[in-house]
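Here it is, the structure, as structure tokens.
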Amino acid sequence: MFSQSRNDWLLFIGFSIAVLCAPILMEPFGGNYPDLLQKLAIFGLFAIGFNILFGLTGYLSFGHAAFIGVGSYVSIWSFKLLTMNAIPAVLFSVIIAGVFAFLIGYVSLRRSGIYFSILTLAFAQMCYSLAYSVLTPITNGETGLQLRALRTNPDLGLLDADIRVLDQALGIQETSVPTPNFFGLQTSGYEGFYFCAVILIVGFFIAQKITNSNFGMMLKAIKSNQNRLNYTGIHARPYLLAAFVISGMYAGLAGSLMAVTDPIAGAERMQWTASGEVVLMTILGGVGTLVGPVLGAGIIKYAEQKVSSWNEGIISDFFSFLPAGLQDFTASFVSLFVGEGWHLTLGLLFMVIVIFLPGGMMEGFRRIVGLFKRPNDNDTVSNSATAQPAE
Amino acid sequence: MAVTETSATEAPREFQSGVANSVLHINDVHKSFAGLHALSDVDLAVREGETHAIIGPNGAGKSTLLNVCVGRLKPDRGSVTFDGEILTGKEPHEINQLGVARVFQTPEVFPDLTVLENVMVPALSKRDGHFTLNPFKRFGAETRLRDEAEATLKSVGLQGQLTALASSMSRGDKRRLELAMGLIQHPRLLLLDEPTAGMARHDTNATIDLLKQIKEGGMTKVIIEHDMHVVFSLADRISVLAGGRIIAQGTPEEIKNNPKVKEAYLGDEEV
Amino acid sequence: MDEIFLQVLNGLDKGGAYALIALGLTLVFGTLGVVNFAHGTLFMLGAFCTVALNRMLTTSYQRVNPDKTDFLGNPLKEDIPYVQDWFGADFSAFVFDYNVPISILLAIVVMGLVGVIMERGLIKHFYNRPHADQILVTFGLAIVMQEIVKHYFGANPIPQNAPDIVGGAANIGAWIGLGDNVVYPVWRLVYFAFSATIIFSVFAFLQFTTFGMVVRAGMQDRETVGLLGINIERRFTIVFALAAIVAGLAGVMYTPILPPDYHWGMDFLVLSFVVVVVGGMGSLGGAVLAGFMLGILQSFASMNQVKAIFPGIDQIIIYLVAVIILLTLPRGLMGRKGVMED
Amino acid sequence: MSDRKNPTRRGVIKTGAAAGAALSTPYFFTGTSLAGGHSYRNEPKGKDVTFGFNVPQTGAYSEEGKDELRAYELAVEHINAGGGGMLDTFSSKALKGGVNGKTVKFVTGDTQTKSDAARASAKRMIESDGAIMITGGSSSGVAIAVQGLCQEAGVIFMAGLTHSNDTTGKDKRANGFRHFFNTEMTGAALAPVLKNAFGGERTAYHLTADYTWGWSQEGSIKKYTEGLGWKTAAAVRTPLGAGDFSSYITPVLNSGADVLVLNHYGKDMVNSLTNAVKFGLRDKQVNGKDFAIVVPLYSRLMAQGAGENVKGIFGSTNWHWSLSDEGSKAFVKSFGEKYGFPPSQAAHTTYCQAILYADACQRAGTFKPSQVGKALEGFKFDGLGNGPTEYRAEDHQCFKDVLVVKGKENPSSKFDVLEVVEVTPRAKVEYKPELLGGELGPYNDGPV
């Protein structure tokens, strides 16, 4: 039963196909456009990484948005100073986010439970507040760090003019403000989505490997009973720190991809609500599962983009088949939950999921599948129990 | 309690012998909680390869003593040495890595892991040390360790439940799993905290048989037990703890016939 | 000197609000073992009791006043509150003036009900669920309540006025022999006194009543209290309602200081958690101490002299203190071992 | 979820991009480059054209966002009808019902007053709903972020409520246009009025929201008041969303300053102003003079919230409903009749932007950004409530008279919060385009 790597491969291939076909899959939902697809891939990656910490070890960090911000800022600086190629930006972002994660994790992991959560929250909020105000020379504050044309006037600061030394050394010509590229291929639009999608698939593969590794099992053991683990000769803290750094690097990667597909970096990405969002994504999809967080990320980003746009006009058009009085009533009732009321829907969705489906959407699917599989013998049940972490 | 307190003042030192070849040495350990003396002046030497039982009435400090040994509690005074290494002040995982494993009184398994995984964790810990960072080493590919784990689980009678989640097991099965988790590490010293408590009679006997087998393998064991049947089946030597002090120490025969023990602990209880 | 004195007052004031919010939060942790992310929202709901009362009192019918015109040039339709018609102008003026204190009564009823409904309807099903689930479900509830308030009252802050008699600023400097520049709004002094009173009442209630004794025992060791055969469930409901009322009253009285808006819940959520954690989870004394400490530190950090040395310190002081406290005192100022650590 | 998918699709087809081409040919097959005869981004092929209204619908500025949306809906009504409201008083008479023979439809997005969310919703409207232009916003950070995006995407951006200099200064873009005024104009207009009201020997104490707009505002007020002889005692930065401002206000008492300038907007403005008034600053005497509070940028919607506290406090605003010119009257009438209350300055500026954009498209005879932009550049117009106005070609900033206002002492209704103290003529607030730096760059018509 441990040699079920065939199942893992099937899951991986299925996931890859689903991601690459996302434009077709999202078409019926009106979600087939580059920005949403990019966001799905990016936040999916973020949630996968977050799940390595939260899903496997049970340590709830409220500070992962800080690494998103770090990743974004580093990428933009790489574009401004070195080259418009996305590869150095991504690499630097991941490394520096990893360094930040190491520092914050090293300190925060001295505590557990809610104390750990509050420590990570405190660090992230400090990053956010400072980036918004005092660190404006590095972050460009409220306006956000942006790309500029090459510096022609030596009086201009680096916030207002770029140098791109590598590109200059290679003799690359620029007209006005360039956009990031991947060796000549642009990284916005559908190309950008596929760039992110490939990284998402690689990220998924790595997360799958981690989950199925000895290391992954130790992380699960930490969540299950950290105390017992200590008496088993395992030092939990280095494992936790490694998981924290890995998930921080995923967040940095996600932040970097945000900057690669859309070259601007703002401080509000680091706010605690952004950290809360990834927690919601993970829970909504299914904590501890591999696919769940991606699914959760997709649903939340879709709601943010599409549900928020269903204004009253659209709703009453939709109910136009009803008699006039009923149409008005239905439309005004429904519009409580969509358009500007989409937060309400989000809140309700959350409560419903947590109350009735603590395992998230993935548990829902399992239950539905379970309904049809009931007559099967015990063997499949125990198999699905072992296969669980791999989903 | 008052009786044991008075009799404990004349803690018999003469029983302490074999310090030279002892592997675990508890030296003048003192521990109190909020003014209550849980352990006072405890000296104890466990010889290499022996099965040493610690008995005593409830609240005598047996579990506290075990907790001091594995680093869960820090003694106020005194020290614990294992094979020349001072354990006092070390972290639990460091103590385990020195070869001291513990089987808990209330089963402390990993409820969200499968039975096999529960045993694999200590097995990997034994092989790889307290931390290895190789996140890509496939857990499923650990065939050699897995065979060993399956064998160990078979020896405690859990071979049929390898893929069940530990949380779904009965209490008795969890205790057996606990035992397997201790055994798989082949520790040099195994600390057993009431390994048969709550077991049915025939399970208890099976456990005794199992522990006897291991005894033949030369593993040193310290066992805390209430069940005198178990104690006298397994122990080479016995220490009696009462009121936080060791009041008697010796072979099962000596303990059986020790009037102080009878008075302080065995009392009217049938041996 | 004057300035430091004033900043201490500011700190006590903020601290009073923090302490009141944190008090209920930590009480709920300690007894029910529930992490309530909707607690800040209870503070907000309390504040909106005042707004709602104001709305109720000013329920009006329209009377056309032909002498005046509205912004479109049509004859002005004046809003005449029923209260004014029924009880006369003097009484209605009095009622409007004392809107905030009167809404305390409303808040006690409303918040008590909200507390009971929340506990019976939702929270009690989460006693044995992981903390992460509790956090998420209450967070969802917080969003829902906040959006409902926004739907009825809008997103803009709605200022409320203290009664005229305490609505001005007092020249404290003159009372205690400091300079003429030591003036302070009377209502803020009232708020401080009020929060102190509530804190003392809560402590007295827990200290001197049998009910309180059981609750305190429950905070020490929940299992034992359950074994004593005491109907702990009903007490949990009351404790939760009490926490809701305390938070709600804190909100009501805070409205003249800060115009309430629907987002207060989220604004105070992080802060109140930091206060509770710094104080030590489940420690009532810790929550009060940490509330006042953070309030005062926050005030000092916003002084120009301090900001000149540490730019931006006022932005991060709360979090910085939280980090330092948690790293030096693992369980906060007065926390007990084993609470909320799993 | 499954029954939700229908509203999107149907809804978008109906109200949204009924331009059709955008949806029936999925982008998947066309890529981001616009194949199939499009000569610019989202060129409308059917009988409809889609505008994108990007306003805050959640968060602290959602009331402003709602008011903006109301104004947009009204503007769309008027454009499609070829008259009504300020369209009747507008000096250009190009619009005769629809734009370039097409009916205007619109889609909406929620900026949440966050740059990321605003860019994402703008992208959705451009990429998915086929919006030909984007307009709206209620903060400068968001406006600048969305403006940059529209430049990259190749659509016109008609900024909503954004007051920072940078929008048409350092961060200006060819595809972006702003009707609203900025901190530079506020400073230039406000300073002389303040001098008249409070004298030339004053010491100001600034409390400034600690982000770009706040700094920009503080800089402008300082520059112009100091130019008139005022001194600045201190300029203190306050965290965004500080809530209780008491600990920033008490130092004012001892600073020797006799004017407090609150460079805050929105909720921060209401809170800091309320706090300042409660601390008795409005009734205080310093150096033998009456203490004064100034709020450089007023928002009537928010001031309505601040109630009693705004009485007698000076500030500036882009427009106010009590103005008595024909344009303003027509606008207030049409808006008031539809919604039952007068419009805010946010509603006014967004209404103007929608009308100005539609008019420019009509005059250019196309929706192509570069040509629409050319039609707006240097465009002089009147009848939109601000008197004679010009879209300056060099920085795409509207230049018009600036209103200096004061909180009304005896309001006649809850909307009647401000009174206009002075209308500073355009000439006094105009500055050279080079002053604020930045470069427009070339127009972008989208990837072709």
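Every chain is named by a letter (A, B, C and D) in the order it is written, and numbering of its residues begins at 1.
Here, contacts are C-beta pairs under 8 Å (C-beta built on N, C-alpha and C of every residue); 3 or more make two chains touch, one makes a residue touch a chain.
Computed from a predicted structure; not experimentally measured.
Of all chains shown, A has the CA centroid lying nearest to the centroid of every protein CA atom. Of all chains, B has its CA centroid at the greatest distance from the CA centroid of chain C. For this pair, chain B with chain C, the centres built from the Cα atoms lie 52 Å apart.
The centroid of the Cα atoms in chain A and the matching centroid in chain B are 46 Å apart. Put simply, the C-alpha centre of chain C and that of chain D have 35 angstrom between them.
Centre to centre, using the average C-alpha position, chain B and chain D are separated by 75 Å. The set of chain C residues touching two or more other chains comprises 312, 315.
Residue positions of chain B in touch with at least two other chains are not found.
Within chain A, contacts with two or more other chains are made by residues 129, 132-134, 343. Working note: touching chain pairs come out as A-B, A-C, A-D, C-D. Residue ranges of chain D in contact with chain C, taken from their complex: 59-63, 210, 234, 236-239, 241, 243-244, 246-248, 250-251, 253-254, 267, 270-271, 274-275, 278-280, 283-284, 301-302, 304-309, 321-322, 332-333, 336-337, 341-342, 412-413, 415-416. Looking at the complex, you find that chain A touches chain B at residues 1-5, 209-210, 212-218, 220-221, 223-225, 227-236, 238-239, 242, 246, 382-383, 385-386. Here chain B touches chain A in the complex through residues 70, 72, 91-93, 96-97, 101-102, 104, 108-114, 116-117, 120-122, 124-126, 128-142, 146, 162-165, 181, 185, going by the rule given at the top.
Residues of chain D touching chain A in their complex: 1, 4-12, 14-16, 26-28, 31-32, 57-58, 62, 65-66, 69, 107-110, 114-117, 119-121, 123-125, 127-129, 139-141, 144-145, 148-149, 152, 166, 170-171, 210-213, 237, 239-240, 437, 439, 441-442.
On the side of chain C, the complex with chain D involves touching residues 2-3, 6-7, 10-11, 13-14, 68, 70-73, 76, 150, 154-159, 161, 167-169, 179, 181-185, 187-188, 256-259, 261, 263, 267, 298-299, 302-304, 307, 312, 314-315.
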